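Reading through the structure tokens given below for one structure.
Should a chain be cited, it is by its letter among A, B, C and D, assigned in written order, with residues numbered from 1 in that chain.
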């Protein structure tokens, strides 16, 4: 079942090491079929080099494994929370890409310092609060999803399609898994450049609202004029 | 028309990702035929892997598309302003290369700290002023060109063949598109080394005028003696 | 003799330059057969490109060469001390990987700033004390092993499977040479991200005990649930 | 003439871009035949991709071109000064490798922070003084050699086989061109790690004399025991 979606999610997963976003098995990509209410995710701890499309696991939105002989990613419960809370998203990517992960470890949101950022993220990329010892306990992965959703209380997840999980690493999303992957690459670049920006100029200011809007709206929404249409 | 120029501009464009100067479609190269008053530029948002020489768009210096079925780069109006204001240049390259872009985000010109810089740029590489909200509005890309030209009020663009567009990224140019590409590579190296120089020695001073002149004039002008002639 | 072990140790050795952990001959991997009390190690100063499995040297735990026409790695006495002091380890990797080596040169332990660290190392990765001039004299390589063991007086080497040798570089270990190699890769990533974390936030705090335990125990021990089993 | 030496010098030259030590034509390697008093050097400004062994230029120690139809490297006079002043050296490599060049731009010697450094360089790698405007004038490249030699007034160039030319970049040397190349790679690694060492610990101290001696003498001199012999 869901052969097409499995292929897309497989393609995104194996792109993660190729894009230098993950070492070993440190990442996972998933995609959802909203009509069926089922999502496809990487199995836990399987080498990307050995992964096959039919190894992917199909889950429902209650957290039940619907198909697949392997155990799903240990981060499955986090994906699940995001699919539930953000109905417009169709794909999620999680990595330990070094620049984004360093911001997550620093416990800081990534300020919007330039147009590369504004082309994809309409404002700072938030970092979640630390989890309490209780949250880090029994239902840790589910709670990771909950604190992410909490960070988006006042932010539209389609305008800022990514987050830093404090002490852990980034999650990105989009209308499908390919868009989530694309933004994982962008996030890593933006995270790197934000670091250097601050160290070139400790008084660097975030991009002005007018320029941020210009760039985001060149690429998104009904008046977008970037690319071919 | 302009088949030879299209091939050269195409070659420069596909070199951008190979040289690690762009991710995805974040960059564009153009070249001009000064006799005809026409320039050739990359179409907007087309993957480098799929780009073909005949996809390139031919524009006149009034901003009209003269040939091509695709929309030109969203930065076309910036290229146009530069071709108008700097009559000696024959090619332009724009990237979001990370080191140069970080300086642009920091809002700082790149000081001339060494001979690698002085071999190509006769003085600091300027960063434009911030654009006003009005300038970032309707004719944004044209205004980007205008603030670049403004930054060269007292600088000869053939002596300093590149600029940082504040909060955005670098533009480089040269007598043809290949020279513009070459300088985009140099700029990225120079931007990286300037950062480390300042962090190795916060009191680092710019290269002395005598050494800067020596190096620039070894490679440029009638007394140049670098290379074979 | 020990053909299988030689092949494993060979495989780990030639992976070191591929993983960008060593330049030239700056590293070595070894593996032990605990039943026979013999370990296999890279010969000294042999290019990885020219190394063959049968070039590997077999040593006993008294420091005698049991087989092999080449001289063993100059760091052999360090490996020997570790095999003696840590009976649970089956393989050791030493590199001069740049990030970990920089921490060693800085004389600092690597704080545990995130889950990538906690997935493999249950606490800070210690840096040894400086050696005295006497220790750096006659039996230098043996003494290097002794100061490493000293640093683990209050640390379980299976919980923190790596160390920084002050002014020198990292050693990692595991149940076999492949696990030691895996951790050498992880250590380099963790060392890089810890540096950036501190420079993004000078007040960054180590990961909370609850989250560290969660991640380490997801992957290790009887209640581990990461991966397939 | 000197076909064997030309091949060795050619091999070293084309290795420079492969080792990421040079962009474009920013570097040159040379080797000398001490009996004949002739050295072989890269021609000026020729692409490494197009360079052929027979393109190399043969020079005598008076600075006359003895063979070759191309002009020698613009840095030839610097090589010449070094061959004259340091009679034990047989090969020289000059690059603009980014880490070493950044130290040169910062005007700082590279402190000896660890054993990787001490394995090859017995003490800090000196940075020359700035040249006066007069020195940067007519005989610039010759004067570059002279200020290098001046920096080695109290240093044995066989113990510290490299230097940073202030504001410019590194030169390394050795008993032949291959050893000079090897040390150019080491210098770049050492330069990178010294930077990070200082930023991990602003109070980092240079390696103790006893450990420095141990490592340098493990690899050099009559009591060396590293490698196979």
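Assume a residue touches a chain if its C-beta (ideal position, glycine included) is under 8 Å from a C-beta of that chain, and two chains touch if they have at least 3 such contacts.
Small disclaimer: the values here were computed from a predicted structure and weren't measured.
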Quiz item: So, what's the distance in Å between the C-alpha centres of chain C and chain B?
Solution: 46
Practice problem: Go ahead and note the Å separation of the Cα centroids belonging to chain C and chain D. | Solution: 33
Quiz item: Do you know which chain D residues sit against two or more other chains?
Solution: 198-199
Exercise. Pick one for the touching-chains graph, please: line, ring, star, complete, other.
Key: ring
Quiz prompt | Chains that touch, pairwise | solution = A-B, A-C, B-D, C-D
Quiz item: Hey, which residues of chain C end up touching chain A in the complex?
Solution: 113-116, 182, 185-186, 189, 192-194, 196-201, 204-205, 207-211, 214, 218, 225-228
Practice problem: Please give the residue numbers of chain A that touch chain C in the complex, ascending. | Solution: 23-26, 43-46, 70-71, 74, 96, 98-99, 101-108, 130-133, 136-137, 140, 167-169, 195, 198-199
